[in-house]
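Have a look at these structures, which come just after this line.
What follows is chain A paired twice: with chain B in the first complex and chain C in the second.
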Partner chain A sequence: MESFAALLLNGLNSSALILIAALGMVIICGLMNVINLAHGELIMIGAYTAYGVTQSLGYPFFAALPAAFAVTAAAGAAMERLVVKRLAGRPAETMLATFGVSVVLQQLANVAFGAQSKYVAIPIDGKLAFGKVVVPFYNLFTILFVAAVTAGTVLLLHRTKFGKRVRAITQNREMAECLGIDSSRVDTFTFAFGSGLAGLAGALAAPVKTVSPFMGGPYLVNSFMTSVVGGVASFFGTSAGSLLVGESTALIGGVSNDVLANILVLLLIIAAIRFRPEGLFAKERR
Partner chain B sequence: MRKKLCALLSCAALLVGVLAGCGGKSGAPGGKAPVKIGLLYSLSGVTSVSEKQLYNGTKLAIDEINAAGGIGGRRIETVFADYASDPARAADKARKLILDDKVVAIVGTCSSSARQAVKPVVETNRSLLIYPQSYEGQEHSDHIVYTGCIPNQQAEIFVNWLLRKGYRRFFLIGCDFVYPQVENKLAKEYLEKGGGTVAGEEYVPYGSTDFSSVLNKIKKSEPDVIYSELTGDSNVAFYKQYYAYGLPATIASLTTNETVLKSIGAQAGKNSFICVDYFKNVKNSLNEAFVKKYTATFHDGTQPTYAVMGGYNAGKFLGEALKKAADPQNTEQVAAAFKELKIQSPSGEISIDGSNNHTRLYCRIAQVDDKGEANVIYESEKPIDPKP
Partner chain C sequence: MTRFAKIPAARYLDLALFLALGLFPLTGLMFYTQLLQKYMVFLIFAYSLDLLWGYAGLMDLGHAVLFGMGGYLMALSLSARSGVPEFMARYGVEQLPAWLAAIVPEPAAVLAGILVPALFAGLLGRFLFFSRVGGVFFSVITLALAQAFNLFIQSQQEYTGGFNGIGGLPGLSLFGRPLTLAQGYYLVFGLVLLVYAFCRGLTASRFGLVLRGIRENGARLEFLGYDQARFKTAVFAVSGALAGLAGVLYAPVNGMIAPNDVGMEFSTAAVVWLAIGGRGSLTGAALGAMLVNVLGNALSEQFGAYWQLLLGAALLAVVFFAPQGITGVLPRPGARSSPGKAAGKRA
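So, the complex of A and B:
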C-alpha cells in the first residue's frame, strides 16, 4: 500500500513535467493549428537558460524560471515571425520548416556548448519521508509550480482580453479580423507564450535531468502524444492526458519494468486515439 | 546539334577532371604519399558525448606521431566520417572509407551496436577496425583490434573488490541494450561465485531520464550497492535523481568518467565508486604531461577520461603497427603487426594479446571525493590478460 502511494506520488512528478511540456504544445498546436517540430528545442533553450543564469551568472534558481520563460518566448516570437508566419495555412511545409529549425538549434547548441550535459544545482535539498514513501522536496515544488502555471494559463485565456482575442481567432479567424483584432500580432504573442511555457519545462527539468543539445527529442514525442490523447486545445484534456501518461508509466513501471511500461502506455494511447480520434476530452469546434 | 556538342564537351571536361584527380591521388611512384586512415566517430546524437572524447584522444595520438616524423617520413592523413550515433549509418560510412577513400584501417565506433554493424563490413572487405571503447567482451574478429577493457579486466575485479569491502546486496541497473545486459549476466555469475546476492535488476529505455519507478524499487529492495552500467543522459539523470531521493546505498559504476562527474555536480557523485582502466588522476610522469597537453589543446568542456585514453591508445597502437609493417598501405601486414605490440601509454605499459586481438590493460578503481574528483584507490599490479 505504501509503495503504491510512493508510485502515485512519483508518477505525479512525471505527470507535472509532461504537463508543462505539453501545455506549450497545446497552445501552439491546438489554438494556432501549427505543428511545431522544434518544440523539444524550445525546451532545450529553457534548460540552457537555467544553466546560464544559475551557473554562469550565479543567480538563484528562482530567477532562472522567469528568465527561461522570457528567453524562450523571445526565441519563439522570432521563429514565428521568420518561419511560421510565412507558411501559414500550409501544415506540411510548416512541419518541415520547424524540423529544419530544430536541427539547426541542436547543432548550434552542440557547437556553442559541447555535447556534455551541463550541471544545474537542485535548488531545494532534502526530502519528505513518511514510512516507505520518499518524495524529494524539489518534486513537490515541481508539482505545485506546474499546477500554478496551468491555472495561470487557464486564467489568462479565459479571463483576460488577450485570452478572449486568442480564443476568437481560434474559433473563427476571418470573423475576428472583421471585428478589428490584429490576428498577426496575437499569433506572435500566442506562439511566444507557448514557447515560454516550453522554456519553463526545460528549466524545471534541468536540475534533475540533463541539459544537452539533443535532449529535446523525448519531450517532443511525449508532448505530442499527451496533447493528442487529451484533446488538442483543451487544457483539462491535456492535464488529464498527462496525468494518465505519467501515472500509467509509473504504475506499470513499478509493477514490471520501465521498458514494458513505455510499450504498454504507447499501445494504450494508440487505442485511445483509435476510438476517440479527437482526444478524450475534446472541445467543440466550429 | 549545338546541344549535342555542348553535352559532349562537358562530358569530356568531366572525364579530364576525374582522371586528373585520380592521377593526383596516387602521387609519385614510391614517393612520400601520406598514409590514409579513417576516423569513424559521431559528432551528433546520443553517443556524441563519449565519441568526442574518443575522437580527441585519437586525434592527439595521430598529431603526436606526425610531429615526430610520421611513418618513415610519411604523414598520416586522417579521413573523418561522422555517423551521428546511428549504427546503420556507421556501416555505410565504414564502407565508404574502405572502398572510396581506400584507408588502410579505421579507428572508431563507440557503442556495441555500432561496432556490430561495422564488423561485417570490415570483415567482408578484409579491412581493419581499431575499436577503442571498453565493452562487454564475448567477441572476436581477425579484422578488429580491441583496445578498451573487457569484463575480466574490469567487472570481475570490481565485483570481487566490492564483495571484499563488505557490499553484499547488489542492485543491477543499466540501459536496455546489449552491453548492460551482458555485463549484468556476468556480474550475477561473479556474485554467485563470490557469495553476494542480487537485490534487483532493472533496465531503462535507452536515453530515458525518468527514474521514479526504479528509485522506488531500489528503496524497497534495500541494497548495499547500486551496480550501474548506465550511459549518456541516463547516467547523468540517475546520479542527480538518486541524490535527490537521498537513498543510502553507494553507486558503483563501470561507465562514469570525469566529464560525467562535472555534469552531475560534486554532491551527487560523492563517495561513489568507478572502475575503469584510466583516470585523470593516475600518478606517473607520462600522464601528468598528457593531462597538461590535453587541457591545453581541447577547450570543448571535455576532460581527459578513459574514453580519451581509449582513443589515444588506439591511435598510438595503430601508429606503431604502421611503422612496424613493411608496407603501411597493406592492411594485412598492418593487422599482423599488432600481435604482441607494446606501447608506453599514460595509463601504463600496455600490449596487444596476439591470441585474441584484445589489449592487456591495468584495472583501476576510484572513489569520488566531495569536490567531485575521482581519486584512484586501487590499481592492479600489472596489466591484466584479456579473456573475451
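So, the complex of A and C:
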C-alpha cells in the first residue's frame, strides 16, 4: 500500500512535467493547427537557460524560471514569424519545416555547449517522509508550480481580452478576422506563450533530468501523446491526458519496468485514438 | 510531339544514377564500393518511403521501425548460424528459442524479414486508417512508435544485444555461399533495379493512380467508390515489405545493426532525403538518399555537427524555396501548374 502511494506520488510528479510540456503544444495546435516538431527543442532551450542562469551566472534557480520562459518565448516568437507564419494552411510543410528547425536548434546547442550532458543542482533540498513514502520537496514544488501555471493559463485564456481573441480564432478564424481581430498578432503571441511554457518545462526538468542537445525527443513524444489523448479542445482534457500518461507510466513501471510501461502506454494510446480520434475527453464535434 | 520528348527529364536522372552505380565497381575503389553498397540499401528504403509518403501522402516518421524489423530478424538469423550467439549466452540464454531457430535458415530469415514488417504495417494500417486516422495523426503515431520500438530493442538485451546492437555479422551470402564484395554489390544493385521497376510499375498502374488521388483529395475518391482506407493499408503493407527487404540487406552489408538504425533518428533521416530530393517521383527519393549520404560521408568527418546544421538548414530552404525538392525544379511534361503551386494545395 505504501509503495503504491509512493508510485502514485511519483506519477503525479511526472504528470506535472508532462502537463506543462504538453500545455504549450496543445494551445498552439488548437489555435493554429500546427504540429510543432521543434517543441522538444524549445524544452531543451529552457533547460539550457536554467543551466546558464544557475551554473554559469550563479543566480538562484528561481530566477531561472522566468528567464527560461522569456528566452524560449522569444525563440518561439522568432520561429513563428520566420517559419510557421509563412507556411500557414500547409500542415505537412509546416511539420517538415519545424523538423528542420529542430535539427538546426539541436546542432546549435551541440556546437555551443558540446554533446556532454549538463547538470543543474536541485534547488530545494530535503524531503517529506510519511513512513516509507518519501517525497522530495522539489517534487512538491514542481507539482504546485505546474498547478499554478496551469491555473494562470486558464485565467489568461478565459478572463482576459487576449484570451477571448485566442478562443475566437480557435473557433472560427475567418469570422474572428471579420470582427477585426488581428489574427496574425495573436498567432505570434500565442506561439510565444506556448513556447514559453515549454521553456518552463525544460527549466523545471533540468534539476531532475540531464540537460543535453538531444534531450527533446522523448518530451516531444510525450507531449504528442498527451495532446492526442486529451484532445486539443480543453484544458481539462490536457490535464486528464497528462495524468493518464504520467500515472499509468509510473504505475505500470512500478510493477514491471519503465520500458515496458512506455510501450504499453503507447499501445493503449494508439488503441484510444482508434476509437476516439478527437481525444478521449473531447466534446462531440460540431 | 515525339514520344522521345515525352519521357520526363527525371527518367534520364534515374538512368544516369543506375549507370553510375552499375559501373562504379570498375574503378576498383574497394572502400567506396562498400560504402555505395550500403547506400544502395538505403535507396531501397527511400523508395519504400516514397511509395507511402510521396504517392499516398502518408508521412511516416517511424519508417525505420519496419526497416529495423527486417534488419534485426536477419541479424539474429546470421548470428545464430552456429548455435547460441555470444551476446545471448552472456545473458544466460542456453538454447535458441523456437522462433529464432525457425529463422536460422537463410530463406526463412529473408522471408520473415520481409513478411513480418509487411504484416505489422498491414495490421497497423488496418487499425488506423479504418478509423480515419490520417494526416498529421499518422505522423504523430508513427513517431511515437519509433520511440517505443527503439526502447523495446534496447530493453530486450538478451535477444537484441541492447544498446550495443548485434555486431560482427558475416557479409552477404546467397544460398549459403558467401559472396565477394563485387558479387554482393551486384546482388544489391540487381535488387535496387528490381525494386525500382516494381515501384514504377505499381505507381503507373491503376493502384498508383488511386493512391495519388487519395493524396490530392481523399474524399473525392470516396465519392468515386474507392475505399481509401483499403488502399492506404495496402500501400503501407507493400512499403513495409520493401523497408523490411532493405533491413534484411542492411544487416549483412553493414556488418552490424544497432538501436540507432531503427528509431527516430534513422526514420527522420529518410524523411530528410525525400524532402530534399523530392517526393512522388521515385527519382527524387533516389537522388536525395544518394546526395545526402555521399555528401554526409564527405563532410561529416571534417565538419561534424556543422554538417547536421547544414542539413537542417537545407531542409528549411527546400521547404520554402523548392517544396517539391530538387526534382521538383526539373521540367516535367504534362504538369499543369508550377511545382510550387501544386505543393501549396496539398495538405
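Operating definition for what follows: the second predicted complex is superposed on the first by the 282 of 286 C-alpha atoms of A that agree within 3 Å, B and C clash if a C-alpha of one lies under 4 Å from a C-alpha of the other, contacts with A are read in each partner's own complex, and residues count from 1 in each chain.
The criterion applied here is as follows: a contact is a pair of C-beta atoms (placed from the backbone, for glycine too) under 8 Å apart; a residue touches a chain by one contact, two chains touch by 3 or more.
Please read all numbers here as calculations on a predicted model, not as lab measurements.
On the superposed chain A, the positions of chain B and chain C overlap enough to count as a clash.
After overlaying the two complexes on the shared chain, residue contacts for A:Val221 are found with chain C alone; chain B is out of touch. In the superposition on chain A, contact is made by A:Asn257 with both chain B and chain C.
In the superposed model, A:Ser14 lies in contact with chain B only, and not with chain C. Contacts of A:Arg86 after superposition: chain C is touched, whereas chain B is not reached.
Residue contacts after overlaying the shared chain place A:Ile269 against chain C, while chain B stays out of touching range.
In the superposition on chain A, no contact is made by A:Gly58 with either chain B or chain C.
Shared-chain residue A:Gly180: touches no atom of chain B or chain C. When the shared chain is aligned, chain C comes close enough to touch A:Gly100, but chain B does not. Look at A:Asn110: by the touch rule set out above, it reaches both chain B and chain C. Contacts of chain A with chain B, set against its contacts with chain C after fitting on chain A, overlap at residues 106-107, 110, 217-218, 257, 259, 262.
Residues 35, 83, 86-87, 89-93, 95-97, 99-104, 106-108, 110-111, 217-218, 220-221, 224-225, 228, 257, 259-260, 262-263, 266-267, 269-270, 273-275, 277 of chain A are the ones that touch chain C when the two sit in their complex. If you check the complex, the residues on chain A that touch chain B are 3, 6-7, 10-11, 13-14, 106-107, 110, 113-119, 121-122, 126-127, 132, 134, 136, 138-139, 205, 207-210, 212-215, 217-218, 249-250, 253-254, 257-259, 261-262. Those residues of chain C whose C-beta lies close enough to touch chain A in the complex are 57, 59, 127-128, 131-133, 135-137, 139-141, 143-145, 147-148, 151-152, 154-155, 264, 268, 271-272, 275, 305-306, 308-309, 311-313, 315-316, 319-320, 323, 343-344, 346-347. Against chain A, in their complex, chain B makes its touches with residues 43-46, 48-49, 52, 176, 202-205, 207-210, 212-217, 219-220, 233, 236-237, 240-241, 243-247, 259-260, 262-265, 300-302.
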